[in-house]
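Consider the two complexes below, in which subunit A is the common component and subunit B and subunit C are the respective partners.
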Partner chain A sequence: MAVYKRRYNPYTGSLTPEWSRFFVLTRYAFADLFKARFFVVLLVLSLVPILFFASYIFIANNKTAQLLMQLRSAGLFSVETQYFIVIMMVQTQAAFLLNCWVGPVLIAGDLTNGAVPLFLSRPFTRADYVLGKLAVLGLLLSAVTWVPCLLLFSLQAGLATDGWIWSHLWMVVPIVLCSAIWILMLSLISLAVSAWVKLRIVATGVIFISFFIPAGLGEMFNAIMSTRWGILLNFSYMFRLILAKGFRERSGLLGSFGWDEIPVAAAWAVLILVCLLSLVILNARLRARETVRG
Partner chain B sequence: MMNPTIELTGLEVQLGGRTILHGLTGVLNSRAIGLLGPNGAGKSTLINTLLGFHSPSKGSARVLGLDSLTNGKALRSLVGYMPENDAFISKMSGVRFVRYMAEISGLPPAQAMERAHEAFVYVGLGEARYRPVGTYSLGMKQLAKFAQAIAHGPKVLILDEPTNGMDPPARKRLIELIREIREASDICLLLSSHLLRDVEETCDEVLILRNGQIASICNLVEERRANRKFLELETIGAEATFTSTLEGLGCECAVFTNGRIKVVMPDSVEIREVFRVAADKGVQIRRMNHRRDSLEDIFLNAMEQTGAADGRI
Partner chain C sequence: MNAQDLVARAQKWSKEQPWRLFGSQISILVRNEVRRNLFTRRRIWIYLLALIPALIILTHLIVGKYNVDVAQMEIDTQVLAGIVQLYYFRLGIFFACMAIFTWLFRGEMVERTLHYQFLVPVRREVLVVGKFLAGGLVAITLFETAVFACFYLTYARFGSAGKSYVFDGPGLGQLGSYLLVTALACLGYGAVFLALSLLFKNPIVPGVVIMGWEAIAPIFPAWAQRLSVTFYLKHLCPVSLPVIGPLAIFTIVAEPVSPFIAVLGLLCLIIAILALSCFLIHRMEITYTAE
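Up next is the complex of A and B:
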């Protein structure tokens, strides 16, 4: 189909492997995201705490720096389990905000003008489509959660002495696992909302509501039924529970609840259930054609 | 032996508990197939089933030998699809949109970019390719949809109402493009349209649907080859002797009200013979229309008929 000839010719060149095509969606979505200045600012802001955390680790492991800053108390700087929990808490909240901005537009743009049939009329399944969109949030939220957290862990491991790395290596598992379930849940919720609500501002609101309304309902349930199981509807708390159990840290994260009051399996089950529910919504909404009723 | 372009075997499709396609059975071998039928006949449902969007509740549909259900992915790798409704990403520039779709079809980025530019120039939107698709007029959006359907070089081109919303020159240009593509490559074409003229100008075979059933499968090439000529006459004073004399010459006559007569002419009979018979019988011919059996006749006939046993007319 040479331009100057204005003639149609069939394509006879090579094709990319089928398994890699979902990443085309990811690539285009990132290209669109980085065109928006607000997104870049938000991304940079969500990485700013990492600089503070890194500086803290550097000072904690550098006696000269401590002397220069005239800090005498040796216990003031301590990089232990609690420190990484703080990093995780801060960065997962940053991930939540980033997700609220990015997630709502990922599918809505395709649905608004009926582009979904164009994707699905190609050798491209709905699973590929969801995977491509999920990869956008997965990569983005990873970049502000477990990846910098592991980098900080490596920094601490490199600067610390006395075999710190070997006594703390187990922390790698909760850092990755807790981030993974949080990222998966956030991503699937926002994709499901994006497939349902077309306006960004409304979709962002719905994502916030999907966290706060169930939590409020859970509190009401607790008060009326004199039970504590209503807390299962508080997804943020469920994440904190998984985090506390993962890091074997009793203080701070569980609030008024006891260590064994809510089993961690229940927390995992709730978050996985939310993910499945989001997938059901996506399955219902992502159709090449609306089903005719009647 | 080559696979038929489309093969339907007892195809039944139900949507929302309602049967939309009722056991369609038929084989279409031509490279360019038209899909005709009134609104709600099941044309778009058939296309969606061929693309694997709907699963048949009974029977099967095959395109070039590939089952739409079991070989859906392989089938879709051969297809370029232009849907009837709006289908675009409004904020993307036209060329980026087509490139995006070509990459999803498996073209490497550089080739996808090249083909997207070529497709845009080819459909006549070269000047508008950097504008967001959302700002295009209805006709331009149709062309952009057409560009994304051909950019990856499909083997089967499925066009659902391609000329919807286009002005006559744009429609003519698109029909020319479709014919060009059909002739320049071994591409198979399935075109669904309400406009009989679009189908007549581009297709070799027609599948006519009515109420989810096959009303007719008609090979237009054979029809054209048969070259049946008609005379539509408006007469005054025509009596039975006039038509019987014409029938004696080998013509077939159908008499309607108000002196209207339809005469099927064999090749051996010239029009002047009709004038001669009219003069002999004192019949005034007030109007004469000489034409071939058109797709419109075939379509109307299929709509009126209850349907032949094998669906062929």
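Up next is the complex of A and C:
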């Protein structure tokens, strides 16, 4: 067969706009995720509580249903701050479990197979790479936290009378903000762990440990040193504190601590610090080169 | 077939087994595993997990050196009980055993070295027992040292009063109980995680489910509580802690169990789980590509 001399021809097809290049990674990651049956089951299960919460709203706004259920007290079903706090608590825990399953594989696979230098040799920055991976978790966790929460809010707004929406519109801010900080922290911790520990089994364990062990150590620190600042190591509690302050809900959420004992600024500072620490780890681990020892 | 026949067959089977050979194989396995796993860089976080409480108590000892009140000893005894029962049993030993025991087989799978172990002329049951004992030895050494250090540092700050509490009071008995309970916790959780690592490809998620079960077991009936490791450990602890938090109102107080029964019960649970692991290892196939 004759071989003809061929000159280099540049790619002439359409280019992905620079601002949305990170989304290519997200798209492929989602395609991979939805191939796993366990992930789909987990995602569906994490949305099941929303159905119960929606039926609660339906009963709370339907006099006939209440009569059928022979409810004597009309105030038994009320959709106020506590209702949304409960949803947020349940859904953020579901988000945590989803994150533990999805997070560890996002970067580890690329690092193990030496794919990071290949990604970064294209017109694609490290920030784009992290953003692409972060978007996977961000979108996924949003789909189980603030998005269904706002849907329930709009359902209640549609069913309720007497201008419920205007008196409760401020709740949109804590719903979105509290979910945002929790999602950001979870995602960045997962990505950092995924970049640091390449094995999935170990990475899943480390994510769990990074939530449970500091909380235990903090409690112990409080007991030994007779102080209360050890609670800052309990990230879930810090989230609860932000949630309670955001919804101005004084009862139940803060446990044995008083309303003003731990300032909410400290809780925000801790969660932001964890995010920054995760970014430092990602910055150290994600390089367009590879060191081979041996 | 009647019971006498069964006993006779069991005795015959027992006589036919080369127990001496199994013993020497197990001792070699334990030696190799301990050499490979006790002092490695990968284990640093487990040492930290075990020793951080001792470091916090040491800091307290240094900071509060000039502010020692003997009346504080009772509170410190409660704090020590909290450290052992809440931190070590629920978190420290739990996660360390998760790391040590799941790595015994799953780690070999990840590092693609398990086939070497399966190719040597050693029965798979011997492999399970040998690896379990090695993991147990590592965990027990680490956590007994940590608990002993916590105990020593807690009472060292009280000087002669602390010394008399330990040697003339209930202190020495409490230390003995803590050390026994720590060893049993390491073996109990170890057996559970060894079985989980043979049952699941990623045993961390089921491990966390077990953690949840151990936490909520007190609200279940007494017979269900017997299926948790903490049920037996609780009855062996020298200082009991009050149940606080939202679970307190649902807690069902089980009948107190004598220490002998508690130790025996936990040992039976460990043997049952190990027997299950021996059964599971026979079904195990090496698929390195799936890891």
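Following the convention adopted for this analysis, the second predicted complex is superposed on the first by the 279 of 294 C-alpha atoms of A that agree within 3 Å, B and C clash if a C-alpha of one lies under 4 Å from a C-alpha of the other, contacts with A are read in each partner's own complex, and residues count from 1 in each chain.
Everything that follows uses one rule, which is that a contact is a pair of C-beta atoms (placed from the backbone, for glycine too) under 8 Å apart; a residue touches a chain by one contact, two chains touch by 3 or more.
Remember, predicted model here, so these are calculated numbers, not experimental data.
In the superposed model, A:59 lies in contact with neither subunit B nor subunit C.
In the overlay built on the shared chain, the residue A:150 is in contact with neither subunit B nor subunit C. Residue by residue along subunit A, subunit B and subunit C are tallied for touches, and B comes out ahead.
In the superposed model, A:176 makes contact with neither subunit B nor subunit C. Using the contact criterion defined above for the overlaid structures, shared-chain residue A:208 touches subunit C, although it does not reach subunit B. In the superposition on chain A, A:122 contacts subunit B only, with no contact to subunit C.
When the two complexes are overlaid on their common chain A, residue A:219 makes contact with subunit C while staying clear of subunit B.
Look at A:33: by the touch rule set out above, it reaches neither subunit B nor subunit C. Put simply, subunit A uses no single residue to touch subunit B in one complex and subunit C in the other.
Interface residues of subunit A, counted against subunit B in their complex, comprise 1-3, 6-16, 18, 21, 24-25, 28, 32, 109-110, 112-115, 117-125, 287-289, 291-294. Subunit C meets subunit A in the complex at residues 49, 52-53, 56-57, 59-60, 63, 79, 82-83, 86-87, 90-92, 95, 98-99, 102, 106, 110, 202-205, 207-208, 211, 245.
Residues of subunit A that touch subunit C in their complex: 100-101, 199-201, 204-205, 208-209, 212-213, 216-217, 219-221, 223-225, 255. Looking at the complex, you find that subunit B touches subunit A at residues 15-16, 18, 20, 44, 48, 51, 53-54, 73-74, 76-77, 79, 81, 83, 85-91, 100-101, 103-108, 111, 115, 117-119, 121-122, 126, 134, 148, 150, 152-153, 155, 158, 177, 180-181, 184-187.
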